[in-house]
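Input: structures, listed below.
Both complexes shown next keep chain A, but they swap its partner, so chain B is in the first and chain C is in the second.
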Partner chain A sequence: MSIEVRGVSKRFGDFVALDDVNVSLPTGQLTALLGPSGGGKSTLLRIIAGLDSADSGTVTIEGTDATHLPPQRRNVGFVFQHYAVFKHMTVAKNVAFGLEIRKRPKAEIKKRVDELLDLVHLGQFAHRLPSQLSGGQRQRMALARALAVEPSVLLLDEPFGALDAKVRKELREWLRRLHDEVPVTTVFVTHDQEEALEVADEIVVVNQGRIEQVGTPDQLYDEPANDFVMGFLGETTTLEGRMVRPHEIELSPVRTAHELDGVVVRLLRVGFEVRLTVLVDRTGEEVQVVTTRAHARALGLDVGDVVHLSPASVLV
Partner chain B sequence: MARTSTAVGRRNPALTWALRLVVIGYLLMLVAWPSAYVVRHTFADGFTSLATAFADPDVVHALLLTAQVAVAAVVINTVFGVGVALLLVRTRFPGQRALSALVDLPLSVSPVVVGLALVLVYNPRTGWFGPWLAEHGVDIIFSRPGMVMATCFVALPLVIREVVPVLEELGEDQEQAARSLGAGTRQTFLRITLPSIKWAVVYGVVLSLARSIGEFGAVKVVAGNISGQSVVATVLVQQKYQNFEQDTAYAVAFVLALVAVLCLVVVALLRPSEGER
Partner chain C sequence: MTTLTVRPAPPGPPASGSDHRRPRRARPKRHTLTGGSGLGLGVAMIWFSLLVLIPLAAVVVTAAGGGVGTFVDALTNAQTLAALRLTVGAALVVTVLNMVMGTVIAWVLVRDRFWGKRVIDLVIDIPFALPTIVAGLVLLSLYGPGSPIGVQVNNTRWAVFLALAFVTLPFVVRTVQPVLEEIDTDAEDAAAALGADRFTTFRRVVLPALVPAIFSGAALSFARAISEYGAVVLLSGNLPGRTEVVSVRLFSSIEGGNTAAAAALATVMLLIALLAIVVLDLGQRWVARRG
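So, the complex of A and B:
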C-alpha cells in the first residue's frame, strides 16, 4: 500500500471535515476521491500532502510515517484546481522549479524539462508566460511541474474543476493515458461521478467526513454499499419503496404477472434517450424511467398512455 | 448608423464642464499655485539662491542628515513592513485585528504627539528606558536613533498597506505549490512570494521615502536641533525662514519638493509597468 491513512480526524471550528477516516490507497493505481462538495475529500487530500494538518491520526506514505513531515519533505506532487502557476516564471522555469530547488545539474534539468513538456504537449510553449496559456494548457503545465520531481504519489485536487466541459473531457482521457504511460500512484479529488467512473482504477466515496465505500467503478455501480453511494453514482428512482436505476425499469405494453400499472404523466426526449415520469396506480408514486428512443417509438409511447413496469434487476 | 454609445441618463455637458472647473480650480489654489510660488521664489535671481544655500555648510549637513535618516527609516520599515504584512495575511493569531488597527495608528496620530511619546519613553533622565540606555552609552533622544525611530513611526503603515492587498489577492496556492515541490520557507519567500509582491514593495518604499524626507513634527521634537549637528532639512527651512534668510529657506524647500516630485514620477512610471505584467 502506497498511502495509509489511519484514524484521521479534522475539524474547522464546529464543522467536522473528517471523522476517524481509515483508508489505504494502493501503489501504482489511479484512485478517485469522490463525493459531494464539503464532504471532506479535498481536506483528506491536503492532509496527505501536508498542506493541512490532521487533528488526530497518522498518514504513512510509502512506508514512511509522514504525519509530522512538512510538505516539502513528503515527496508528493500536488496539482491545484486553479493551477497555482508561478506567474512570474516561464513555462519551462515553472516545470524546472522543483529540480532547481533540489540543485540538480543544469544540463539534467534542461533535459528533464524538455521531456516533460513533450509529455504534456507543451514543447513549443516553453518560453511563454503562463498568462499566455489556456486553462487546459496551464493545468498540463502544473502536472508536468508536479511530475518533474518524480514524486512517490501525485495528488490532484479537482484538477479539471475550473475547465469547461469539452476540455475537461479531453483532459481526463489524457490523464488516463498519461497514467498508463507514467504509472505513478495518483489520487485525484472530484465531485463528478462520471469523471471518477471513467478515469479511476479505484474509487473512494467520501461523504460528511466519512468513507462510504471503496471499490472499483464496477463494484460501486453494481453493488453500492448503501443508498448514498447508489444515489451518488448515477440517477435513481423509487419503485415500490426500493431504489432502482431509471434505465433498469422495463416497460411493456402488455400486462404480465408482478407488474405495476401506471400512466405516463411526462415525457422528455433528450438526445438518444427518452425520460418518462410514470404515476403508478397502486402506490401513487411518481417513478422515473429512462428508455431508448427506438424502444419508446416501438411502444408508441405518449403522455396519458398506460404502461406496465417491472424492475429488470432489483438492487439493495 | 454608427453612434458613440453612452450611458442612460447622461449629464448635460455644461454641468460636466462646471464640475471639472471646480476640481481644477480647487487643485490649482491648494497645490499648484503654492508649489509654483516656491519654485518662482527659488529662481527669482536665477541660480543665486540655490548656490548661496549650497554654500552654507549647515544646509548641506541638514540635507545629508535628512537623507541618512530617511534611508535608514525606509530600510527598517521595508523589512518590518513586509514581515508584518505576511503576519497579517498568512497567519491567524489572537489579537490580529488589534495589530492591524495598531498599524494604522501613525496615520491618525499627530507626529508631534509621536515625538513627545518617544521623548517620554527614551529621554536619558526621566524616561522609562532612557536612564538605563544612557548608562550603557546609548543615546536615543537628541540623537540619530531617536530621529530614525520618529521617522519610522510616521511612515510605518505605508509599506504594509501596499503589500497586504497584493498578498491577499495572490492567495496561498503558489506558495503551497512551491512547498509541495520541495521549497523551504526561505526559498518559497525568495523565489515565489517576493517576486510576486515586488512592485507593491517598491511602491511602498517610494511612498515611505517621500514621507520620511518630508517629516517635520516628530523629528523636530526628538532632535536637539543644534545647527550643523541635529537639524534636518525640514526643520532647517523653518529656522532659516524665521531668521529672515528666506532665499535659503525657499531654496531648501524647493529641493525637498523636487525630491518628492521625483518620487511621484518614479511611482507613476512604475504603475503602468505593473499593469503590463
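So, the complex of A and C:
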C-alpha cells in the first residue's frame, strides 16, 4: 500500500471535518476521493500532503511514517483546483521550480522541463506567462510542475473543478491516459460522480468526515454499501419504500404478479430517454421511472395512462 | 518508491477551441473617445493643470528668469548643498528602511493572529493622519530635552532620520497590505509541496507579487520624506550645514527675500522627485523581470 491513513480525525472549531478515518490507497493506482462538498475529502488530501495537520491519527507514505513530516519532505506532488500558478514565472520556470529547489544541474533541469512540457503538450508555450494560458493549459502546467520532482504520490484537489464542461471532460480522459503512461500513485478529489466513475480505478466515498465505502466503480454502482452511496452514484427513486434506480423499473402494459398499478402524472422526453413520474395507487408515492424512447413509444405512453411497475431485480 | 519515467506523450492533447487562447492584449485604438469620456478627460486635464501643471511651470519660470546664474549660485552655496545632501540622503535611507519594515509590518498584520491586532492596524495610520507639526511636537516631547525615556536626539542628524521615519511609516504598510490580503495562499502551499522552505517560498513566490506595491509605497515614502517640514523643524534644531533640511532652507530663503534662489532650489527638488519616481519605476520593472 502506498498511502496508509490510520485513525485520522480533524476538527475546525466545532465542525468535525474528519472522524477517525482509516483508508489504504494502493500503489500505482488512480484513486478518487468522492463525496459532497464539505464532506472532508479535500481535508483528507491536504493532511496526506502535510498542508494541514491531523488532530490525531497517522499517515504513512510508501512505508515511511509521514505524520509529522512537513510537506517539503513528503515527496508528494499537489495540484490545486485554481491552479496555484507562480504568476510572475514563465511556464518553463514554473515547471522547473521544484528541480531548482533541489539544486539539480542546469542542463538536467532544462532537459526534464522540456520532456514534461512535451508530455503535457505545452512545448510551444514554455516562455509564456501563466496568465497567457487557458484554464485547461494552466492545469496541465500545474500537473507538469508537480510531476517534475518525481513524487511518490500525486494528489489532485478538484483538479478540473474550475474548468468549463467541455475542457473538463477532455482533461479527465487525458488524465486517465496520462496515468496509464506514467503510472504514479494518484489520488484525486472530486464531487462529480461521473468523473470518478469514468477515471478512477478505485473510489473512496467520503461523507460527513467518514468513509462510506471503498471499491471499484462497478462495485460501488452495483453493490452500494448503503443508501448514501447508492444515492450519490447515480439517480435513485423509492418504490415501496425501497431505493431503486429509475431505469431499473420495468414498465409493462399487462399486469402480472408483484406489480404495482400507477398513473403517469408527468412525462419528459430528454434526448434518447423518457422520464416518467408515476403516482402509485396503493402507496400514494410518486416514483421516477426512466425508459428508452423506443420502449415508451411501443407502449404508447402518455400522461394519464395507467401503467404497471415492477423493479427489474424482482423480475430477475 | 514509485519512480517516474517520462515516456512518449500519451495520445492526443485535449484540444478544444477555448484551449488555445492567444495572449490577451487588447490595445484601445487611438482617437476613439466617446462624448462622455472626452468631457471627463477635459475636466481632469483642467483640474490637473490648475492644481499641478501651472504652479509647477510658474516655479520653473521664476527660477529660469534669473538665468543659469541663479541655479549655479543656489547649487554652489555650501549651506544649500548640505541641506540637499542631508534631505536626499536621509530620505533614501528612510525609504529603504520602510521597504523592509513596511513589508514586515504588513505581513504581521495580514498573516498573524494576535490580541490587539486591530488596534495596531488603526494606529499605523496615526503618523500619516497627524498634522505634521503635531508629529514634531510628539517627537520633541519624547526625544527632546528632558526626554522621559532618557533618549535625547534633538539638534542632531538622528532627529531628522527619526522624524522622517515616523511620518513615512504607513506608506509601504498600506500599499503592501491589500496586495498581501489578496494573495492566493495555494501558490505558497504548492511551493512547499515542491520542497521550498518558508524563506525560499517567501523570496521566490510571495515577494515578487509584492514588489510593485513595495515600490509604489517607497515612491510615496520618498516623496513625503524629501518634502517634510513640520515634523522635522521642531526636533532637528535647523542647524545650518548640519541638521537643516531643504524645506527649511527654502523657507528661510523666501523669508530672506531671495525668491529666485528659492525657486531654483524648488526646481531642483522637483527634478529629484521626478527622478525618484522614474528610478523606482525602473527598479520595479527590473526586479519583476529578474523574477
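We take it that the second predicted complex is superposed on the first by the 313 of 316 C-alpha atoms of A that agree within 3 Å, B and C clash if a C-alpha of one lies under 4 Å from a C-alpha of the other, contacts with A are read in each partner's own complex, and residues count from 1 in each chain.
In the analysis below, contacts are C-beta pairs under 8 Å (C-beta built on N, C-alpha and C of every residue); 3 or more make two chains touch, one makes a residue touch a chain.
A quick note: this is a predicted structure, and the numbers were derived from the prediction, not measured.
S.K.: Since both structures carry chain A, what do chain B and chain C do when superposed there: clash or fit?
M.R.: clash
S.K.: With the two complexes superposed on chain A, say which partner A:Lys87 touches: chain B (first), chain C (second), both, or neither.
M.R.: In the superposed model, A:Lys87 contacts both chain B and chain C.
S.K.: Report for A:Asn207: first if it touches chain B alone, second if chain C alone, otherwise both or neither.
M.R.: So A:Asn207 meets neither chain B nor chain C here.
S.K.: Which of the two partners, first being chain B and second being chain C, lies in contact with A:Glu181: first, second, both, or neither?
M.R.: A:Glu181: touches chain C, not chain B.
S.K.: With both complexes superposed on chain A, which partner does A:Asp164 reach: first (chain B), second (chain C), both or neither?
M.R.: second
S.K.: Pick one for A:Gln137: touches chain B only (first), chain C only (second), both, or neither.
M.R.: Once the two structures are laid over each other on A, A:Gln137 reaches chain C alone.
S.K.: Comparing chain B against chain C, which has contacts with more of the residues in chain A?
M.R.: The partner making contact with more of chain A's residues is C.
S.K.: With the two complexes superposed on chain A, say which partner A:Gly28 touches: chain B (first), chain C (second), both, or neither.
M.R.: A:Gly28 contacts chain C only, not chain B.
S.K.: For A:Ala49 in the superposed arrangement: first (chain B), second (chain C), both or neither?
M.R.: Both partners.
S.K.: Jot down the residues of chain A that show up as touching in both complexes, chain B in one and chain C in the other.
M.R.: Shared contact residues on chain A: 49-51, 70-74, 76-78, 80, 82, 84-88, 97-98, 101-102, 142, 145-146, 148-149.
S.K.: Taking the complex as given, what residues does chain A use to touch chain B?
M.R.: 49-51, 70-78, 80, 82-88, 97-98, 101-102, 142, 145-146, 148-149
S.K.: Over in the complex, which chain C residues touch chain A? Could you list them?
M.R.: 1-16, 18-24, 184, 186-187, 189-197, 200, 204-205, 208-209, 288, 291
S.K.: Within the complex, which stretch of chain B touches chain A?
M.R.: Answer in residue numbers: 173-174, 176-184, 187, 191-192, 195-196, 277.
S.K.: Within their complex, state which residues of chain A touch chain C.
M.R.: 2, 27-28, 49-51, 62, 70-74, 76-78, 80, 82, 84-89, 93, 97-98, 101-102, 112, 115-116, 118-121, 128, 131-134, 136-137, 142, 145-153, 164, 166-167, 170-171, 173-174, 177-178, 180-185
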